[in-house]
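Labels A, B, C and D are assigned to the chains in the order they are written; within every chain, residues are numbered from 1.
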Amino acid sequence: MPITTPVTMSCTRWKINHLKIESCLVMKTLTLSLILLACILLTACDQSQSENTETQRSQDTTLSRPYTDAAGRQLTIPTHPKRIIALSEVDLDAMLALDVQPVAATDGRGQDGFPRYLDDSKTQGITSVGRLGNPSMEAILMEKPDLILLGGFYTDQALAKLSAIAPVVVTYTLREDWKKGFERVAALLNKQEAYDTFMIKYDQKIQQVRKRLGDHIHDTVSIIRWNPKGPMFMYNTVFASKVISDIGLKRPEYQDKGGAPHSPILSLESLDQLDGDWIFMGTLMTQGDAVSAMASATSTPAFKALKGVQNGHLIPVDGSMWTSVGGPLAAMQVLDDIQKAMSQADE
Amino acid sequence: MTQLNTTQPSVYKHDWLMRLGPLRLRVPRRVVMVNLLLFIGLAGIMLASLIMGDFDISIMQTVRALLGHGERSHLILINDIRLPRVITGMVTGFGLGLAGTMLQTLARNRLATPEVLGINEGGTLAIIVIITVSTSSLFGLWWVAPIGAAITAAVLILFGGGRVGSQGYRLLIIGLGLTALLRSINELIISRQNLMHASALYTWTLGSLATGNEKVNIPVSIGLLMTLPVCLLCTRWLTLMRFDEEIAIPLGLPRRGARLLVIGCVVVMAGLSVGAAGPIAFVALAAPILASRLLGPSHVPMLTSAWTGCVLVLTADTLGRLIAHPQELPVGVVCSVLGGPFLLWVVLRQQAN
Amino acid sequence: MSETELTSSSTQFTNPASDARSRVLCLVLLCLFILAILIVLSMIAGAGNTTVKDAIGYLLGDALRRNDENLDMVLRTLRWPRTVGALVVGGAMGVAGAVLQTVTRNPLADTGLLGINSGAAMGVVTGITYFGVSTTLGYLLWSMSGTLLGTSLVLLVASTGLAGVTPLRLILAGLGIGATFHGITAMILLSNQTSYDEYRYWVLGSLAGLHLRMVLQMLWIIVPGILLAVVLARSLSALILGDDVAQSLGHQPAKIRILSTLSVTLLTGASVALAGPITFLGLLSPHIARSFVHHRIGSLIGLSGLFGMIILLTADILCRIVVKPFETPVSVMIAMAGAPLLMWIVLSNRMLTLTHKEMR
Amino acid sequence: MQLNVTDLYASYTANNPILKGVSMSAKPGHVTIIVGPNGCGKSTLLRSIARLHRPDSGRITLDDQDIWQLKPRQAAHRLSLLPQSPVAPEGMTVINLVQFGRHPHQGLFQQWSDQDQLAVAEALQLTHLSDLAHRRLDQLSGGQRQRCWLAMTLAQQTPLMLLDEPTSMLDLGHQVEVLNLVRKIASAGDRAFVIVLHDLIAAAQYADQLITMRDGKIIQTGHPRDIITPELIKELYDVDVRILTSPDNLTPIIVARQEALV
C-alpha cells in the first residue's frame, strides 16, 4: 500500500527547487535592503530638511518679531509682511477694509468665488486657493506667502502643514466677535490708523441707523433660513446678530440663546418661533433662488400667519453674510440692509 | 518524470520548499511573483503620487528633495505635503485590505467588509462625537476611531458573533442594522452642525488623505505593524474558515478562539485606517477580490490583499488630484466612483467564465 | 415549508392552509386596528401649541373648534397630509422591501443595496446644483428620474451576459452602480457647498411639509406598483424554490425578475420622492412580516406593507414629540428603534434563511 | 483507539432532546454502521462525536480521554469526519482539497513534510483520483467530488474516522468500491470507522457492528447476522420485510414484502 516512488521523485525535485530558492532569497534580500536604504534616506532627509528651514528662517530675524496669536501660540512673524494669504472670510474682509490686498484667499462660504458682498474691484487680482476650511496646500505653497492668516475653524493637521510653509497667525477663535479679529489683523499689518477710521465710520453708521429707527428701536429681529424640509432660525451667536445688538435691536425670545449657530429644523406647527417684528430670511444662494425660497415659504399657511410677514416685514437677504460669518465690510452691509429695509417699509 | 507526474501527482508542484534548520517552509511561487509585481507597482505609484499635482516638480527635483536638498518650497512640498499623504495612503490601504480579506473569509461572504458591518461607521461616529464635543477642532484624535470600531465590533460579537450562521448572513444583517443606526446618528449630528463644521466633517466621512501627517502616521503604522504578526498567525485558521464548520472543526479549527482573534485583528486594522484617513469606501471590498484573482483560489490573500489595498488607495488619491484640477477630490470619492465599474467588471467576468 | 402553499387545494380534514390563512387574517385585522389608533394619535400629537383637547374636539366635529382657523390649518394642512403620507410611503416601502428580498432570495436586499437610493440622491443633488431646484415638487421629479436611471442601469448590467439575471448578480451590480452614484453625488456636493447644505437635510428623510396634493399625485405611481407586486406574488412564491422549480411550474424567472424590479422602482422612486431616502424600513418590515408568515409570499407582501405603515407612522409621531418644537429626522428614529428590533429578530431565530445557495 | 459513548443526551432546542441516552463503542479494526429512519439522531450522534455539537450530558471518550477536553488540534489528530454534503471554496483543485487533510499535521513553521506528500498521494491513489489531481472541483461530477472529500478525510490519517452517508452521491459501482476500501483499511487493524448509512443491505453486508436507532435511542446493537430480524426492521421503519441470506457470505438481505408495497 505505501507508495515510495513519489517521495524519491519529489526529492530530486526539491533539490532543483533549493537552487531556485537560493536565487529567490538573494532577490528578496536585495529588495529588502533597497527598501531599508530608502527608509534611512527618508529619515535622514527629514532632519536635513528641518535644518534647512531653520537657517532660512534665521536669516529673516532682523525683520521679524515675536507674536502671540488668538490661539495663544508663540510665533515669530515678519514685521512687514508682503505676501499675505487670508484663509477665512473675516481675514479677507478685514484686509480689504484696511485697503490691503492679500495675494491669495479662500472662496466664500458655500460659494464658488470670493464672498458675494465684496466688491469685484476689490478682489480683483487675488488668487483663489480653494474652499474655505479645506484649501489646497499646494496652491498656497505656490504663492510663496510670508504670512498666513487663519481664523475660526481650522484643523490641527492643516495648521501644522501651513506652519511648514509660512508663519500662521490664528486671528480669532470660533466664538469670538469679528471686531477682535479685525483689530488683530490691523495690528499685524501695522494699520492702526485705517482701523480707527473704519471703526469710527461704523459707529457713525450705527448712530445713523438708530436715528432712522426711531420708535422701532425696541423691535425684535428674527433671522431665519428656509429649507424645503423645514425652516430654522439663527441663535444670537451668529455674526449678524451681533451687529443687531450693536444697534440696540433685540432678538425674539426663542432665538436669543447662545450655543450652536442655528437651531435644528423647526416643526411647521411651531412657526411662531420664527416670528419677530422684522424677519430677515437668508439663503446661501443668489438673489433669484432666495425668491423661490420665499415663494415656498410663503405658500405655507402657517408662515403667512406670522406677525412680521403680515406687516410686510419679511426681507430676503444674502445669507452669505447674514446667516454665517463676516468681517467689517459685511457688518457695514448688514447695517445697509437694515436701513434699506426700514425705509422700504416706511414707504 | 512526466510519466510519473500523471500517475503520482506532486502535492507541492507550485511551491518552493525550504528547510531552514528545524523550519520547513512552503513558499508558493505564485504568491512570491504576485507580491513582487505588486511591490514594483507600488513603488511606481508612490513615485507618481509624489511627482504629480498642482505644483510642478521634476523627478530629479523630487528625488533631491527627498534626500533633503533643493529649494525650500520643494522641500516643503515633498516632505511636508506629499510624503505624509502618501504614507497615510499606504497605511490606510494596508489596514483596509487586510481587514477586508480577513472579514470576508471569516464570514465566507464577499459582502462582509468592515464598512458593511458598521465597524467603519463606528469609528467615524467616535471621531465625529469627539470633534463635536471638543470646542476646538481636533482631527488629531485618530485613536478614538479604533475605540469606536471596537465598541461596534463588541456589539456585533455580542449579538451575532456567536453564530455567524449560514454564510455569515446573521452577522451581515446585524451589521447592516448597526450601519443604518450609526450612519443616521452620524448624519443627525452633522445636520446640527453649522455648514462650516458640517462640510469639513462630510469631507472627512468620505475619506481623505489631505490631513495626513506624521503625528497620525507614526502611531498608526506602529499599531498596524504590531497587529500584523497576529494577523499572519491567523492565516492558517483563515484557510480553514473558508470551509463549512463541519469540515473545519474536525480539521482542528478552534471555533470560538479563532473567530474572536480574527474579529479583534479586523477591528484594530479597520479602526486604525479609519482613524488615519476616514472611512474610505470600497477598498476593503475590492482589494481582497482583486488579490484573490491574482493569487488563485487556493490561498487566502493576506499580504497580497494588503498591498493591493495600498496600490488602490494611492492610485485613487493621485487620480483625485489630477481629475478635478485645480480642486482635489477626496480619495474616498474616487474610490467609489471607480470601484463601482470595477465591481461590475468582476461580476461580469466571473459570470462569463 | 412550502407544502402549505402547494397543497392548499387539497381536501383533507385538517387543512393546514386554511389554518394559516385564518392566522394571517387575524394578523391583518390586528394591524388595521393598530393603524386606526395610530392615525388618531397622529392627528392629536404634534410639535406645536395645539392642545390634545382642541385636536380631539376638532376631530369630533365641535363647531367652535371647526371654525378655529389656526386649528383647522394645523390639523388639515399639516397633520393630515403627514399621516396620509406616512401610510402611503410606509406601505410602498414595505411592499417594495418584501418583493425585493423575495426576488433576490436574499434577506439582505434592500433599496440601499441595489443602488436605488443612491440613484435618487444623485438625481436630487443634480437638480439642486444645476437646475436650482428647491421645492418639494422639484425634489420629487429629480429623485424619481434618478431612481429610474439607477434601476434601468442595474437591470441592464445584470441582464447582459450569459447566465441571465441571477440574484447575486443583481445585488453586486446594484452595489457597484450605487457606489458610482454615491461617488458622483459626493463629487458634486464637494464642489458646491450650497447644494451640500440642502442635501444634508434631504438625506435624513422627513414627512414634514408634505402637501396632500403631492401624496395623491404619487398614488398614480404607487398604486400600479403595488398592483404589480400583488399580481407577481404567485410567481414569486414559485421563484423562491429556485429557478429550475419555477421554470418547471411554468413561470419565466427572467420575466418575473424584471417585472419585480419595475414594481420596486415605482414604489421606491415615489416614496423617496415624497419622504427622502428612508432605507432601513424596506429591510426591516419584511423581516418582521416573515417572522409571522414564513413562505406565503402573498401574505408576506401584504403584511410587510402593513408593518411598513405602522412603523413609519409610529416613527413620524415620535419625531414630532421627542424634541419639541423641533423635528427629529424620521430615518434616524426608524434606525434607532429598528436596529435593535432587527437584531432581536435575527437572534431569536425568527429570521428564516431564504434559499441563498447562490450567494457566495 | 477505542471510542466509548456513554449515556449521551443532546438537543438543538430546549426540551426537545434529539439523543436520549445513547451508549455505544467502536473498536479499532471494526466498521460500525449506524442505521435508522430519518430524524432518529444518527447525524447528531456523529456530530457530537466530531465535536461539532456539544451534548447536554453524557461522555464521549477516546481511549478514556474525554474528547471535549482535547485541544482542537489534538482532536484533529485522532478523529476525522466526512460530512453529508460538504461545500468547497470556489475554484479549488482536487489536490488542494486533499492537502487540507494534512492541515492538523502541519504548523506555522512546519508547512510540509515527506509524510504529508506520502499521505496525500496514498489517499489519491486509494480513491482513484490520481489522474484528476489537478482538475478543479467544480468541473467534476458529484460522485468524483464525493471521492475527493473521502480522500481528504483519508489523508488526515486518524485512528477514528466518521463518515456521514459517504455513498449517497455514488452509483452502485463506486458505492461498492468505497465500502470495500473502508473494509480494507479497517481490516489492517488500527483504524476504527463509524459510518451513518441509509442502505440497509450494504450496511448489513459491511458492518462488523450494526447500531440501529430510532427516536434518539439505540434499539439494538450487534453483528448484522445476529440482530437483523423482520421484527427489528418493523420496529425501526414500520415496514414488513423478509430476510434473505446472501449466497456469498451469509449476510442478511432485507426485502420489503409485497403487501408492504401497497
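Note that in this section contacts are C-beta pairs under 8 Å (C-beta built on N, C-alpha and C of every residue); 3 or more make two chains touch, one makes a residue touch a chain.
All of these numbers come straight from a predicted model, not from anything done at the bench.
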{"item": "Centrality ranking, top chain (CA atoms only)", "value": "B"}
{"item": "Chain pair with the higher count of C-beta pairs in contact (B-C, A-C)", "value": "B-C"}
{"item": "Centre distance in Å when subunit C and subunit D are each reduced to the mean of their C-alpha atoms", "value": "49"}
{"item": "Inter-chain centre distance, subunit A versus subunit C - centres from mean C-alpha coordinates, in Å", "value": "40"}
{"item": "Centroid distance [mean C-alpha coordinates] between subunit B and subunit A, Å", "value": "32"}
{"item": "Sites on subunit D at which at least two other chains make contact", "value": "90, 117, 121, 125"}
{"item": "Residue list for subunit B, restricted to those that touch at least two other chains", "value": "8, 10-12, 17, 191, 195, 199, 203, 327"}
{"item": "Overlap residues in subunit A, where contacts from two or more other chains coincide", "value": "3, 6, 10, 109-110, 131, 264-265, 284"}
{"item": "Touching residues (chain side subunit A, partner subunit C) in the complex", "value": "109-112, 131, 227-230, 263-270, 272-273, 284-285, 288-289, 292-293, 296, 300-302, 305"}
{"item": "Interface residues, subunit B side, partner subunit C - complex", "value": "108-111, 159-160, 165-167, 169-170, 172-174, 176-178, 180-181, 183-185, 187-188, 190-191, 195, 198-199, 202-203, 206, 281-282, 324, 327, 329-330, 332-344, 346-348, 351-352"}
{"item": "Residues on subunit C engaged by subunit A in the complex (per definition of touch)", "value": "46-50, 70, 73-74, 77-79, 132, 134-136, 139, 191-194, 196-198, 201-202, 204, 206, 208-209, 276, 320, 323-327, 329"}
{"item": "Touch list for subunit A against partner subunit B, complex", "value": "3, 5-6, 9-10, 13-14, 17-18, 20-21, 24, 27, 31, 41-42, 44-49, 52-53, 56, 71, 109-110, 130-134, 136-139, 141-142, 144, 152-158, 160-161, 164-165, 173-174, 260-262, 264-265, 284, 324-325"}
{"item": "Contact footprint of subunit B on subunit C as seen in their complex", "value": "107-108, 110, 157, 160-163, 166, 169, 171-173, 175-184, 186-187, 189-191, 193, 196-197, 200-201, 203-204, 279-280, 283, 287, 328-329, 331-332, 334-336, 338-339, 342-343, 346-347, 351, 353, 356, 359-360"}
